[in-house]
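Just so it is clear, A, B, C and D label the chains in written order, and each chain counts residues from 1 on its own.
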Amino acid sequence: MAPINLFEYEALAQQHMAPVTWDYFQGGSDDEVTLRNNRNAFESIRLRPRMLIDVSDVQMQTNVVGVPVNMPILVAPMSAHMLVHPEGELATARGTGQAGTILTVSTFSTYTIEEIAAAATGPLWLQLYLTRTMEATGSLVRRAEDAGYRAIVLTVDTPRTSRRERDVRNNFLIAKAARSANFVEAPGSDPVTIQQSRHITGTWETLDWLRSLTKLPILLKGILTAEDTLLAMEHDIQGIIVSNHGGRQLDGAIESIVALPEVVEAVAGRCEVYMDGGIRRGTDVLKALALGARAVLVGRPVIWGLAVNGSEGVRSVLELLRAELEMTMMLAGQPALASIDRSLVKLL
Amino acid sequence: MAPINLFEYEALAQQHMAPVTWDYFQGGSDDEVTLRNNRNAFESIRLRPRMLIDVSDVQMQTNVVGVPVNMPILVAPMSAHMLVHPEGELATARGTGQAGTILTVSTFSTYTIEEIAAAATGPLWLQLYLTRTMEATGSLVRRAEDAGYRAIVLTVDTPRTSRRERDVRNNFLIAKAARSANFVEAPGSDPVTIQQSRHITGTWETLDWLRSLTKLPILLKGILTAEDTLLAMEHDIQGIIVSNHGGRQLDGAIESIVALPEVVEAVAGRCEVYMDGGIRRGTDVLKALALGARAVLVGRPVIWGLAVNGSEGVRSVLELLRAELEMTMMLAGQPALASIDRSLVKLL
Amino acid sequence: MAPINLFEYEALAQQHMAPVTWDYFQGGSDDEVTLRNNRNAFESIRLRPRMLIDVSDVQMQTNVVGVPVNMPILVAPMSAHMLVHPEGELATARGTGQAGTILTVSTFSTYTIEEIAAAATGPLWLQLYLTRTMEATGSLVRRAEDAGYRAIVLTVDTPRTSRRERDVRNNFLIAKAARSANFVEAPGSDPVTIQQSRHITGTWETLDWLRSLTKLPILLKGILTAEDTLLAMEHDIQGIIVSNHGGRQLDGAIESIVALPEVVEAVAGRCEVYMDGGIRRGTDVLKALALGARAVLVGRPVIWGLAVNGSEGVRSVLELLRAELEMTMMLAGQPALASIDRSLVKLL
Amino acid sequence: MAPINLFEYEALAQQHMAPVTWDYFQGGSDDEVTLRNNRNAFESIRLRPRMLIDVSDVQMQTNVVGVPVNMPILVAPMSAHMLVHPEGELATARGTGQAGTILTVSTFSTYTIEEIAAAATGPLWLQLYLTRTMEATGSLVRRAEDAGYRAIVLTVDTPRTSRRERDVRNNFLIAKAARSANFVEAPGSDPVTIQQSRHITGTWETLDWLRSLTKLPILLKGILTAEDTLLAMEHDIQGIIVSNHGGRQLDGAIESIVALPEVVEAVAGRCEVYMDGGIRRGTDVLKALALGARAVLVGRPVIWGLAVNGSEGVRSVLELLRAELEMTMMLAGQPALASIDRSLVKLL
């Protein structure tokens, strides 16, 4: 029987993935405290549904930094999709497009961003790490712009890749296990060592440099505090993605859904706010929207879908979540995104 | 040995019910978070019993929207009792009447509301879903009035039936598994598809239409917020049942017992307030009364009693709960319902 | 090896007691929520120990309603000690006296209060239930006074004996299992039925009647609220024992240690305040003293000691607890009872 | 494979240690509530990492009461290292020095403080118990000063050694199991009985006496309250170590990390504040620093390292923790100790 929810995809995916690959995608840093908390935090939020509202027609289309999508659910950037399916990001892009939403392609994709764009059936964003040299980074941005990517998502929580102990125990090096397609052609580059190399630490000035390179919308991924939000507002950025990198960077970091309200408050409407981390149910999406997110991003569940059934699995995972959100909006008396606000939740 | 509490009835009932039927009645939506929370929330409420009060004569008779009952414990509406006992709602009605309280008959009963009324030994309420057409719905209301039903309980939390994953996995469709007796005779109706069909979404205006159809008291079942309570007060209704549909509609919805105080406060005495969801002990009833409920409704335990022993099982379950409430009132120093108030509980 | 703490006595006692007897003493009412909470509540209280205080000489002698004791730890009333040891209350009285503290003899002792007084090596209190008739109750008070009992402990939380489901399942009736020695000689009495009979419900006026019978100090056992404390202050009583009957009466009742502060505050120094419920460690005693108890009472652990080794077991249990309290007072920088106050604890 | 974190050292160490020795070092007092809470308290603290800060060069050197160290992680005093490795404190001192930090040598070391100083490759502090006589204690202080120790850490939470039930059950006496090297040569002393003997209870005046003996910095170890901190500020001391003795003294005592803020606030910058208790991860260190600790001390993990691999194990444990702290500071956007403050944490 086909999986009926994302947790069933998770169980099934484990059977389709090599154990070390499974560990790479599932794991978090250190004791995986944040990984667990991300999920548990949703359960402590209660919904306050409204009744006797006409929900016969639920509208969940929105636009995200100007790009129209069918639902407020996007695909988060993740490296190396080829590890779980030979078609890798090509399949993910097709499945995501069929679901009517956006794939955020990782800097460390296993197909080039151009190959992915060619295969895609929907809009794409490029996730950007500051790696190696400013030149290499800048070149990737320009290539993305040329290939029709619609926004740049700058990951700011990874001045260094955290230690993920499952990978250490497995002697698993992502840079050895998967090619880094985007850099393989650059003269003098070595795909094996790229991700292992010391990252270039970005600073707030990096944003201005990035802004000078491209006219695409820029989103910062990895902000977790009001303080950093206020600093971000001093630069020309279009969105913030509240994220702790799926519990894969600083273990013990605050849960995304817990950090979301303070970021939303600090933004005060000056740019769009997104979140990722722990979304597995339509009710999770609704809670994030209620706390001020314009949309959410899902990561691991998309990899599960990809592992189980390629592009069709990706589409199915996203459609399941979309159907759950639709049902949830109906049952909560929210036929449109616009009416969803903080009063819909109670934090116990 | 006869079951000595409701939990023992639960265990016994499972042996009397087909697994798919068991899952249908026991289950909740999605991850069953609200189902569990409904129950757990009672454990976090502490009782503050009073001493040295004459409790030799405990009075728990009350009246509910004008109907006298022996105890502040009513039977919640549930579909398709015939699935657990051939006499279905006829037996439930007899057992409930013997216990001196009210059965709320479901729109989707497996005997007609007239058959149930003929078998009943006590007062009945009719639970109303807005299904199919306004005409069919209105017809049912008039039939209920003719058959002597004492109130209409309009369920407002089901603009669509939620996805209950146990049923999905079991490939169980209630509309196929059980006849919908009340509609089978209507020309052109098809009992198999009624419950599956898109519900008519009610709105606040529906209340005025319903009011125009009948002079019976109207109760709204499924209100969980002060906001909706205030809207309800603008209409001619006689009662609100605080309910999350036993954790079967919006998963993650606030626990009934947690929502109860804000509804009671918003009502400010203008109509009666009831609650259901998680009542398994006399102490649970007392906690709900202390937080402002005029009475509580119990659902699944009545099905357990019906499955185990027909009408006698129903009566026994209700009598067990009644005896527990009596003991509880004695031990809490509350010989009468009138004195029970908020000071009896402490929320930790 | 001899038990080194009360929990080891508990484990050992189970081997010395018939299962139904074990259940009778260990169990609580309904779901045993209060039984568990009584214990767990202590773990949520943190101690704030003070340093660099001379604790070479710890003083823990005190007096309780005027009776000097070696430690602020007394023995709580419990029925039917003969069920766990043939010498019953005689042994308990000897062991308790050897430990230098007070035994509270139950109305339902299995030796007469006179026999117990004759065997005792220390002071005794009489626990009083209002049973059968005022005459029988009054007679017991006068006999206690004649036999040299030092105080009357009126239990006020038992207008009816709660339903303890372990006993129901075991078909165990304490009144059949154990003789009620104090009433066996009364003309027309029937020890089998005394405890089963409907209790006389006491009221606040009962206190004045009791006061008129005896000049002994009167303590009320079972008060859990500030409201009842204030009412008690209108009568001539000398002490209040904050208690939920060891989780054996109203299940869901507030934990004794949680209720203690509000009772202490309401008393405002006008009488002595005690508590029982969940004391198993010297640190528990210290926490109760910090929250305003003059002394604590322990129940089940004394029965464990009695079951394991008669009077010597009782003495050993009490000495273990005394030694723990002494160590605890040293480590907390509290060489005397007088300095122990609320600042010693933090409620998280 | 070499252990990759401290928990793996823990598991490995158990295989290298005799069970009774394992219990001695691992255990806490009574029910080990504080032992567990010390650890759990860290998980309830959330980190609020900052982004887009140049963390390419993390500086974690600091000085502690004037002594430069490579990291804000010191080694806590523990008795009898020889029980887990024949080279005992000599190896610990070498490994700690190689890691660039300070070993706090216990009064009850199994090599003399002079032998340890001779073997040491880094600075040492002397932990001081007030035992036997003032003369013996004073003599030890002077010997430490002569041997080049850099500070005196006076343990104030041990007026008496608590009862550790694992040891009682194992019939394990540390004073019999291990020699107390520092006193063995003193005329008339008996190393077997030293630790068993009634401790001399120190008082606040003891500080002035100690101050008169030595010009070394004095730190008080075992303070847990603002009240005691304020008293300490009336004496000439240079540091406070917030500690509950690793859960080995007063069970139920407040967690060190929970007590830390009130001590820091009471100190108000007048001396340095440290903490120990439950540190197992770099993120734990960062949380303690954020709450005001100048550095932390680790105990059991160092014993694990020593048991597994002597001085090299000690060095490895400290280096693991150092590397984790470095990574943590990077990921939290804190390239220097000076910027770390309370805003880095959120207490849920």
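We adopt the following convention: contacts are C-beta pairs under 8 Å (C-beta built on N, C-alpha and C of every residue); 3 or more make two chains touch, one makes a residue touch a chain.
Quick caveat, the model's predicted, so the values are computed rather than measured.
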### Task
Could you run down the chains that neighbour subunit A and subunit D together?
none
## Note on the structure
Comparing which residue numbers subunit A and subunit B contribute to their contact, where sharing over half means same and under half means different, the two sides are different
### Query
Rotation angle for the CA superposition of subunit C on subunit D, to the nearest 5°?
90
### Label of the chain whose CA centroid is most distant from the centroid of subunit B
D
### Message
Nearest whole angstrom, what separates the Cα centre of subunit A from the Cα centre of subunit B?
### Response
42
### Message
Suppose each chain is reduced to the average of its Cα coordinates; what separation in Å results between subunit A and subunit C?
### Response
60
#### Entry: Multi-partner residues of subunit B (each touching 2 or more other chains)
none
### Touching residues on subunit A, where the partner in the complex is subunit B
1, 4-5, 42-43, 45-56, 281, 283, 287, 324, 327-328, 330-333, 343, 346, 348
### Task
Going by the contact rule at the top, pick out the subunit B residues touching subunit A in the complex.
30-31, 33, 37, 156-157, 159-160, 162-163, 165, 168-169, 198, 201-204, 206-207, 220, 222-225, 227-228, 231, 249-255, 258-259
